[in-house]
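Consider the two complexes below, in which chain A is the common component and chain B and chain C are the respective partners.
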Partner chain A sequence: MSWAASPPAHVAGSALRRTVRSASGVASLAGAAVIWVALLGPVITLLAHLSWPQVSAALSVPGALDPLAVSVESGAITLGVLLVLGTPLAWTLARGSLPFPRFWEAGVLCSLLLPPLVIGLLLIFMVGPYTPIGELLGHVHLSATNTFLALVIAEVYESAPYYVLGAQAAFAAVEPAIEEQAALLGDRPSRVARRVSLPLAAPGLAMALAVAWARAMGAFGAVVIIAYHPFGIPLQIWTTLQETGLPTALPFALVLLVVALPLPLAAYIWSARARGRRRG
Partner chain B sequence: MLEADVEVDRREFRLSAAIGVAAGERLALFGPSGAGKTTILEAIAGLVQPRRGTVVLNGRVLTRTAAPRHQVPPWQRRVGLLRQDPALFPHLSVRQNLAYAPAPGTGREEIARIAERLGLRGTLDDLPARLSGGQAHRVALGRLLASRCDALLLDEPYAGLDAGLRRDLTELVRELVAARQVPSMLVAHELEAAQAFADRMAVLDRGEILQLASPAQVVAAPAARRVAELVGYRSFVLVPETGAGVVAGVHPDRVVAGRQPGRGVVLAGPVRSCRPSGAGWEASVEAAGTLVPVRLPDPPEPAAGEPDFVFTVLDPPCFGPDGLRVSRPEEVPT
Partner chain C sequence: MTAIPRRSARTTIDSLASATGRGRRPWRLPVLAIVCAGLAAAGCSSSSSPSATAVQGTASVAYASSLTFLNEKVAAPAFTKATGYGYTGRGDSSGALEADIAGKEITPNVFEAVGGDNITPLQPKFTKWYIPYAGTQMVVAYNPKSKYASDFKAYADGSKPLKGLFTLMETPGFKLGRTDPNIDPQGRDFIYMLELAQMYYHLPKDTVSKILGTTDTGTSSSSQIFAESSLDATLQSGQLDASSAFITQAVELHLPYIKLPAAINLGDASLASQYAKATVTIKPPGAPKTTKSGSPQVIDITIIGKPTPAGIAFVKYTLSPAGLAQYKRGGFTLITPTVTGDSSAVPSAVRSELGG
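Showing the complex of A and B:
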């Protein structure tokens, strides 16, 4: 037995610690990978089960892509409505300039927490044909049941809280000291908003808008009740599933993902890069 | 010329201050945290609405609470304010920050000159996130210089920086104030920072200006015991020959070893503690019934054969029972 070959006890201890640390590193990496794959499982499954001839067959049926057009159009209008109406609300919520700010926030949260199906039911009672609002709409020859307008209304209700809360967080993250400095340098409040607050909040706003877009594209619960027609993609998936079964519904699921995901992903990448640059 | 006479209600006290700063003059507002120093600057900048008062800058009325009421919004005041956070615009390059609000006639060349003067030429295309703390503060200063700014307010802007950087930046501001001939005010809670900057010092405590004098005078002749405490007098000893209840303020730095009655008040007592402090020694001597902290170049030791350490407090200011300064008998009134 050679004494010289055995390392001193503290070296052995530190080697052991290093092994444990690297083992725990490997374990946490493996754990993270498992969870990540599990989260992405549905997407992976979708890609695994698609047969491309089936996809092209399903999508080449005349009118097969009409629901896509309906979804994109209604989604775009929904985003416009959210930008115009939701942004000022998010701004005032972030500034705390409203009396009883918690009360207002609770209202937005309430609409976030309502199940979409319930929203659909309640919308019938709110804007349906025999309600005051429905009658008003009738005067201008509009209807908010089973129309394009109804679809937009349902999508707005399903996506608005996501946008408003996200935009509020984006505005709240703008440092007041920076806006104060802009004012002291001679900018009136509207100019401060344009030159400082909005550009600084833009990455957060883009993320909020992207999330709202994904919600609007996938809106189903409220839509199925108040706007069964015209078909958007989610309803297309649903009815195809019911009428002809799983394999024929899958291609439309792919279409929905392809349409709904790129914008959020692009917004995410852009805002992450903008934030990174500003943080240095 | 900047004239401010404002009253602002604070939670614990009412801030009330009247201050005039001439063009090119540097005034320091010195006082402990929470004395209301920053509030004065904010009232001048229009960020705080005073309860009562006026703010006039170069003859322009910025605030007047008496009829006819007048309150110019911050963005029309042309008052520059630097705080500890340089508050650069993080989405704009250094050049765009400098040129954020250029004064009329400030073109690209002028911006380049300012950048050159502040040592920022190599950073013009960088985003603020890439700057060091000192560079960021220089950009903030340059941004004010490039803008139209009739008064310069500094709210302890360099408090978080290391000493060398702080000295450089303070020197820079002094030069620029002299060159631009704008009135300037610095808020400081450290005496050295105020002294390094100012021609004149206002000592503020609990919303009240206790003394307005030159930095040397504030330390040599504090107007009240509270002022003396704020500028570093650490002990107050009863001096029998000056009258009942009169105390002399002892500043640890204004003490010499030995008996020199011609230069001040002689005290004696046993040394209770002694430790190195900087290049000298800080000791605590029990004298005149209290512990007197002193700082001396050599460790204090009683002279041979004497039980007590004898030292002379140089020309100490004396305060009556009401806390106000009184003259010592041998002092010649000025």
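Showing the complex of A and C:
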């Protein structure tokens, strides 16, 4: 037996470790691929079951794209409301500047945990025509039932927790020391927020806003209860499915995907690049 | 402040846990208890359920959504208990179910539809027959706390002539709820009922459009229109004065309601030609305009595809005295079950329930 021919023990050990590492790398890759394909499964199925003539026929019916306009308009207003009202809440939550901060956070979490259908049912009690809010709206000839306003309210409720929690995380990731240094250099709080906090939190805020947009575009549970009319895309899909079946409904699912997806994707790419630049 | 060394802190926590009877795995006991209870329950159910020993199979039933409560809460448990077969149900509008069956998107054993006209398009590929066995009727459900509640009560008990109800519903600010005539039969039935009432009571010709708030009676674009699932909830929450309803819904949900005469309530099969005088032109999403006319609200049952033992058992049970009694208790009018279509294709076990 020649000991000289055998590799040293530590060499054999490192080769084994490399093999194990590469095997676990392959296993992780395979696992990731399985999950990715599984997550994309419904989208792949959608594309596999659609043909261009089918999409063209469904979308060329007069008025077929009206719900798209309704969804985009209501989604844009929803984002505006979230930006104006949700950003300060997220900021104060992140900085812990509210009294009883856990109480405020629990409130946001509550609205996240409530199923959208339940939110819709509870909104009837809150903004229905015979509630104080409903009667107040009635005095100015507005109604929060089956109107565009009702649609926006339902979308705000369905998307707000996603935006507030995402924005809170984005603000929390901003190093307080940087803000303190800016303050020490004489910047007023508003200037610190404008010149330091917001730019640093912007990638995270963009992601939060994009997720909120996707939620608003796909909002259905609360919408079907308090805002049956005017139709956005999710209700268009549902009513088409009810009346004329799956083949006519699927093209509208594609429309929803095409409208809802680009903003989150763009926000993700921008956010990833911004993080990369900072690390670099 | 004295810092507690980590080791002694751990020991303290462990000893506290032991002292309170909780070890390092405090979840073990409850989980074991739940598992044991689950196994015991499974053991009990398998010993008490005839399905595990006597028969096997599940009746898959597609039914009009107005039968949801009756099928899911009343008929299904009783059917399973009586026969041992399992049950799965799917409720939707009869038209949507017909489209799903025709498109092979669903493959139920049994189809219960409101109106035979949702079954005939499936003949002869999926079935050759159907059996009408129960009828429902339109009513006006109302909010007992509405400012019009005393009027509603007077119309319901007959102390005020019913004709006035339709004038009341025209009142500006009256909060009326109904469902989408484009996708829901109840939405159309309510409009048929109003048209029939306009004719029956010799009301002004613009009564229907005034009540509906539009001359385009088939439109979905009205603040009166709710999804079927939310209409009852909105009425029950006190946010509407009145809404359309089938009598069965009103009974199941304990909603106060106003009964309507047979001439307008779509509940009398002998008045089919009268009901057909009412029409609605609808424009479903992604489909051309169509004009539909009123018809009696009769529940029909059939078997889809090759009859399975569980499917046959479900139809037989539904048409049995016990099954029909459930419908009667739910507010339906019973109809003597007779076969429409090819009676030779009806399974003999079902035929025997008809007495032939």
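As a convention for this text, the second predicted complex is superposed on the first by the 258 of 280 C-alpha atoms of A that agree within 3 Å, B and C clash if a C-alpha of one lies under 4 Å from a C-alpha of the other, contacts with A are read in each partner's own complex, and residues count from 1 in each chain.
In this text, contacts are C-beta pairs under 8 Å (C-beta built on N, C-alpha and C of every residue); 3 or more make two chains touch, one makes a residue touch a chain.
All of these numbers come straight from a predicted model, not from anything done at the bench.
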Combined model on chain A where chain B meets chain C, clash or fit: fit
Partner chain in contact with A:L200 - chain B first, chain C second, else both or neither: first
First (chain B), second (chain C), both or neither touched by A:R277: first
Which superposed partner A:T87 touches (first chain B, second chain C, both, neither): neither
Which of chain B and chain C A:T145 touches, first, second, both or neither: second
Which superposed partner A:T78 touches (first chain B, second chain C, both, neither): neither
Of chain B and chain C, the chain that contacts the larger number of chain A residues: C
Which superposed partner A:A182 touches (first chain B, second chain C, both, neither): first
Partner chain(s) touched by A:H229 [first = chain B, second = chain C, both, neither]: second
Nearest Cα pair across chain B and chain C, whole Å: 9
Set of chain A residues, in rising order, touched by both chain B and chain C: none
List of chain A residues in touch with chain B within their complex: 175, 177-178, 180-189, 196, 199-200, 274, 277-280
Contacting residues of chain A [partner chain C, same complex]: 58, 61, 64, 120-121, 124-125, 128-131, 134, 143, 145-147, 224-226, 228-231, 236, 239-249
Parts of chain B lying in touch with chain A, wherever the complex brings them together: 45, 47, 73-81, 83, 85, 87-91, 100-101, 127-130, 140, 143-144, 147-148
For the chain C and chain A complex, residues of the former touching the latter: 92-93, 95-96, 99-100, 103, 105, 175, 180, 182-184, 220-227, 229-230, 233-234, 237-240, 284-287
